[in-house]
Structures are given as C-alpha cells and as structure tokens.
Amino acid sequence: MMADAILRASGVYAGYGRGDIIHGVSVEARPGEIVTVIGPNGAGKSTLIKTIAGLLSPRLGTVAIGDEEIGGLPAPAVARRGIAFVPQEANVFRQLTVAENLEMGAWTDQDRKDERLDKVHALFPVLAERRHVRAGNLSGGQRQMVAFGMAMMVEPRVLLLDEPSAGLSPTMVEQMFEIVKGVNQTGVAVLMVEQNAIQALKISRRGYVMAAGKVALEDAADNLLQNKEISELYLGSRV
Amino acid sequence: MTAYLVSMLTFTGFFMILALALNLQWGMTGMVNFGIAGFYALGAYTSGLLTAKLGWPVGLAMPTAVAAGFVAGGLIALLSLRLREDFFAIVTLGFGEIMRLIALNEDEITEGPRGLKIDARPFAGMFDRELYPIVYLILVASVVALAFIVVECIRRAPLGRTLRAIREDDVVAEVLGKNVLLHRVTVFAIGGAFMGAAGALYAHYVQNISPEVFMPMVAIFIWMSVIVGGAGNNWGLLIGAGIVMTILEGTRFIGDFVDILDAEKLSALRIILIGTLLIIILRVKQGGLLPEQRFTYKGSQESGRTETQTSNA
Amino acid sequence: MSWQILVNGLVNAALIAPPAIALSLIFGVMRFPNFAIGGYITVGAFFAYAVNVDLGAPIWLAAIAAMIGTAVVVWLSDALVFRPMQGRGPVTLLVLSIALTLILEHIVRLFYGADVRGFDLPLQRPYRFGDIRITQEQIEIIVLAIAIAAITHLILQYTRTGKAVRATADNPMLAQVRGIDTGWIILLTWLYCGMLFGLTGVLAGLDLVIEPLVGWYLTIPIFAAAILGGIGSPYGAMLGALLVGLAEELTVLILPSTYKIGVGFVIIAILLLVRPQGLLGRPEIKK
C-alpha cells in the first residue's frame, strides 16, 4: 500500500509571473492509484497540474518523477519522461485526423507503435472506425477519447488530467470516469484535478482538497466523501 | 543656420501632427494604421490640386483636404468591424499604396513623378520673405497645438475611457453598451483629418510634391516617433518626433565626413539605422509598446514556444 | 489575346504560389502577418545575382546559393528579432517585420544601388504555340511551382516532421505537452520557408527584373493569395495564388498594369470583409 511515490511535488510555489497562485503545495501519486485534487474555482488546481506538466516553472519547490527532478523542465522534456498530460480544453489537434492525432501521441516513443495503437483502439473502438476523420469534426465525447488515446500512445507512467469532465453532458461524465477507471486498470497512475468532486472521488483511492492555493486536507477518498465539512464546503453544490 | 533650423522645426511639426493622429488611432484605441503616407498624400494632393489646377484659394483648399482625410478615415474604419487588428493593418497599408499609385499613375492630373508645382501659399504677400518661414512655422505649431489639445481632451473625456475599453477588449465594451463601431469610426476619422491637415501644410510649404515622398516608409518614421515616446503618451511622442527627425537630419551630415558614400548609399544607410533603432527600442522597452493584457504562460498559445523561454515564465 | 492573358496569369500565379505557401506555413506557427517576406525575396534575388553575375557561376548554382543564403538570413532574423520578442502580440511583430524588410531592402541598396538589373543568361527566343508566347524561363517557373506545391504537400501529409509542423500550427501548447520540441519545428519551418523565399527571388529575377523593390512588389500579391486561401492553410495558398495571378492579369484589360499591386489590396480588402477565414480556412474568432 505505501509504495514509493512515482510522482511527487513538494512545496511547490508557482504562478503566471505576477506572483504565485499556489503556495507550497505538496502532492504525490503512487503506482497504480487514482488521486484526485478537488477544490473550488481559483484554488490553484490548474496551476498545480500545469506546473507538474512543465507548462509553468515552479518558483520554489521540487517536482520529481521516480528519483528524477523535473521541476522547471520544459513540457516536451517532461513528456519524454513518461508523464502524459491531457489539458482541459483544446486537447486534440483539430485539423489533424484521428490517426494523425494518435501518431502525434506517440511522438516521444516510436517503439511498438502499432501494438500500442491496437491497445488504444481496443480501449476506444470508435477511434479505429473514425481514424480518417478530422478531430475537429468529432463529437465532444469522441474528442475526449482522442485526447486520452493520444496520451495512452506512450504507455505513460503517470497520466495527468485537467478537469476531464468539464463541459460534458451528465451521461458523458459518467462515461468519462469509466474511461479513467479503464485506463487506470491498465496499470497507469492517474493524477487528476476535478470540480466534479463526488464522482471523481468515487473512483479514486486518495484525494487532496485545495483552497486558496494550498492543500487544506489530504485523506483517503472514502474518508473525504464521508467528511461532513468537506461535503458542505466543496461537494455540496455538486451533489 | 536659422533658416535651416526653422525649416527643420517645420518638418518636425508635420511629424508631430502625424504622430498625434496615430496616437489617437492606435495608442488610445488600438487601431493600427500603416497607411499614414496615404492620408498624408491625400491631404497634400487634395489641397495642392485644388489650388494649382482649379485655382481655389488656400483658405478653402486646406479645409477641404482636412475633410478628405476625415471621410477617408471614417470609411476605412468601417472595415475594422469585421477584421482582426493585424488584418486591418494590412488594409490600411493597402490604402496608402493605392493613394501613392494613383498619384504616380494619373499623371495627367497629378503630374506623376514630375511633381506637382503649387504656387499658392497661406498668407501669401502679407509678410516679407525673411519673415514668412517663421510665420509658416507658427502656423504649423498652432496646428500641432490644436491636435495636441484635441487628442488630449479626447483622452481625458469619458470618450477616452471608452476608447481604452475598446482597446482592451472590444467585446466587453460592446456588452457594456458602448457603440464600438461608432467610436472607432469617429476616432479614425479625426486622426485621418489631422493627417490630411499635415499633408496640406506640407504641400504648401515645399510647393512641389511627388509620389516618392509618400512611400510606406513615412509610416515607419511616425510609428517610431510614437513608440519612442511611449504609446498613449502625447508629450512623449512630441519628443519622439523630435528624436526621429534629429536622427534623419543628423545622419545627413555623415556624408560630409565620409566621402566614399554617395547620396544614394547615404540614404540607404539612414533607413538601415532607423529600422535597426526601431527594433532595438522595441526589444529593450519590454512592455513599453502594446499594453498586452492577455496573460501568457510559458509556451502559451500565442507564442507557441517554450524551449527558449523557461526562465521568465 | 485572351489565351495569352491566361498564360501570363499562370506564370504570375506560379511565381507567387511558393512564397504564399511559405507565408501560410510561417503564419501557422508564428501567428502574425510577416511583412519581412519582401526583404527575404529581395535578398534572395541579389544573392543569386552576386553568384551569377559577379562570380560568373551558372544560374542553377546561383539559385541554390540564393536558397541557402536566404535561409540563413531568415534564420538570423528569427534569432535576433522575432524569437526574443515572441509573445508580444501580432501588432508588435508586424511593426518589427516591416522594419526588417526596410533594413534588408536598404542593405541591398547599399551594395547595389537602385538600378534595375538582370541575370547573365543567353537570350532565348520564346516558344510559340499559335498566338501564345511563352519563354523557357516561364515554363521553368511553372514546373518549379508545381514541384514545390507537390513536395510541400508530401512533407506535410506523409512525414513525421511535416505532421508535427501541422500539429504545432494547430495547437502549440498541446504539441509541447505531447513531447514535440516546437522550437525546433518552428526553426525547421523558417529554414524551409527561407529557401522558398530565396528561390522566389531568383524566379522573380528571371521573369521580371532584379531591383531592391522586387520583394515589395511581390509582397502584396503573396499576402492576397495567402489570405484568399485562408491564412495558415498552405493548400488554400496554392488556390489563392492561382486566383490572384489570374485576377492581376485580367485587370490589365481595364487598368494600366502599374495598378497591379493595388489589385492585390482590393482583393484582400473585399475578401477579408466577405469571408475573413479565406476560401479554405477555418473560421477564426475576431479578437
């Protein structure tokens, strides 16, 4: 249970240049688990995940994958180390076909590309069917599958998800979390930030609650779901 | 020497009027105008042709030139309704080139590259030859002052706040109930009017105008004046116009010391110098140019590059 | 008469198609209208002139030298001007590119003056097909334009790097997240486009004349073609070049040929108003 963390951010301060948005945040993901970071809008969830993905540099603190420090590395270098980030919006190449999108997914690791493509197609059969369609012409749900499929093309060590359920219809949200579970069952650790706290925590092993740029609470997902204060503060409106 | 100084100041005055007009259009409203030479030419040829070919009095021809600039500015601003700012810039550049092409090619009217000779002058015969250049300088200075007051008033009036709102975000301004298009058209037309005035003053001062004066290069000089002085700052750009004119004139004297350079090469060298200075100023004055409000994080959509810029994200 | 106009229009289109494709590619990855292309084309023409006339080398060698030389100039301008000022907004970059084109044009003037020149080539009789006249050079220009369009298409559609160029143009942030070194991709795009601009300078020198303003005269039709095709869409640029090339020649029937450059602007203005996304472009939200 207490395996060493595969991804660990400790004491991270970061923001968009004009001062920090997150102040000394520490989170970790262990092999094979789903971890969710919840919190209200503006708590700094997105800043945290973008910093881990290399889109922002931490001003202070460290980010490590395994034993290797990656804080401050540019995004492509982070990607090459097996961290696959799925952004919240604009997460597919709209002008490229589905097949080309998946090919770009495999950019950093060309080995056994076909084998992985088969795996992704097995996970999302519809992508095989529509492989010659431009991603921009797909439905929202199918675009989300392309975004996931792209990330899975490298057999990542950690999957980072920024609000995967944002903008999806309620039925799609459920489907979305099924997809996350399915991806996790292939052995990939998942770290996601979510507004949709209840459903996200239901499939998670652990959770962090962020508020005002700090981690306010960290506990097993089940405990967080039971926690009255939490459900009133952050989950209430979402039930 | 005094005569030279007076003429240099007069030319600086033309630059100042153009720079103030550009500042109204771009520095305060965010509308990019690269067709400054076109408005300048429109004013010069309108007033020049009306006096030289139709025998109009200067007192009537010059206001007509101003009106022409006003109308042209308003019409072009209508296009901004549907265009992104950088594409609008291309359209204004096109306007400038088309004005120059007309002046160049319709030589039965404009005399084309031979140059249009203009005899009429404001206050002709009222002052003696010695005094006249100074009188003209005062006339130009008054127009500079007028432009300054108008632009400054617009900046301070509620209209100015609206203009800044449009510059920052025209969608928000629209939502707030500000009629963005009307404001844009008004501002661009007023800017065009002052540019037309500068052209008319120029025409009757040099009394011989030809198309090669109105190359797109003029726009660069004026842009440089505004950028050096600081966008949105009317005092700054007066200084900026002075600096640009000093560089333009100062480099003329290089030829006196270096005789291997003929006039052609010297003028090329001046443009290279001006262009390089513009680039350096833009590079050094980080953020001094456009008030870029959009935040960008490392490797943003705007720039699309990360690798080179990890430190200042 | 009318067939001759068609042929002239085709040659015209062939001349502006490669740089219009290049402009589209550059716009795709850089996101601003780069007016430095005029300077690049002029530089290319004079590189070739220097190698061909001053050094006495054959024209094909001069063309290769011009492509390499222009690519280097383009790379330098990116490293010294555009890269340090990335993220400053399209208007600032537009001002910079206009300043750059003036600098390049006048560096050429400094060395060669404003005289009109031509390559050192044996004079050849134009071919005649009935009433239609076409020179050897014009045929070469058309063949080269088709070859460049085909090569660009193959690179973009079937090579890994070409797909990465499209991915970077489409969504640079996502490209980085997927591990694509977008800085490298942008550099490669610049170099490829630099070679196309250099070649355009040579072809313009073959068909028209060599003078410092040769790039400026072509800038507007190139922009018209790229915008017509939907800026950022290389395929649209090819189509746009064809339409602009023909339109410019057709206006010769009504207007003096000196107004050619104005035709490009009018096409741009009308098109931007009626269909801002271009013929094949995707709609882009006006900021």
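Going in written order, the chains are labelled A, B and C, and every chain counts its residues from 1.
The rule is simple: a contact is a pair of C-beta atoms (placed from the backbone, for glycine too) under 8 Å apart; a residue touches a chain by one contact, two chains touch by 3 or more.
None of these values were measured; they are calculated from a predicted model.
Separation of chain A from chain C in touch steps, taking the shortest path, is 1. The most centrally placed chain, judged by C-alpha centroids, is C. A separation of 42 Å divides the Cα centre of chain A from that of chain C. With centres set at the average Cα position, the gap from chain B to chain C is 29 Å. One simple way to say how far apart two chains are is to compare their mean CA positions; for chain A and chain B this gives 52 Å.
In chain A, the residues touching two or more other chains are 54-55, 74-76, 90. Touching two or more other chains at once are residues 171, 173, 175-176, 181-182 of chain C.
Shown for chain B are the residues in touch with two or more other chains, namely 299, 301, 306-307. Chain contact summary for the complex, chain A toward chain C: residues 53-55, 74-76, 79-80, 85, 87, 90-96, 100, 103-105, 107-108, 136, 150, 154. Contacts from chain C toward chain B in the complex involve residues 29-33, 81, 83-92, 94-96, 98-100, 102-103, 105-107, 109-110, 113-114, 168, 171-173, 175-176, 181-184, 186, 220, 223, 227, 256, 258-259, 261-262, 264-266, 268-269, 272-273, 276, 284, 286-287. Put simply, chain B touches chain C in their complex at residues 32, 34, 79, 82-87, 89-91, 93-95, 97-98, 101, 104-105, 216-217, 219-220, 223, 227, 264-265, 268-269, 271-272, 274-276, 278-279, 282-283, 289-290, 292, 294, 296, 299-309. Every residue of chain C that touches chain A in the complex is listed here, in rising order: 160, 163-164, 166-167, 169-171, 173-182, 282.
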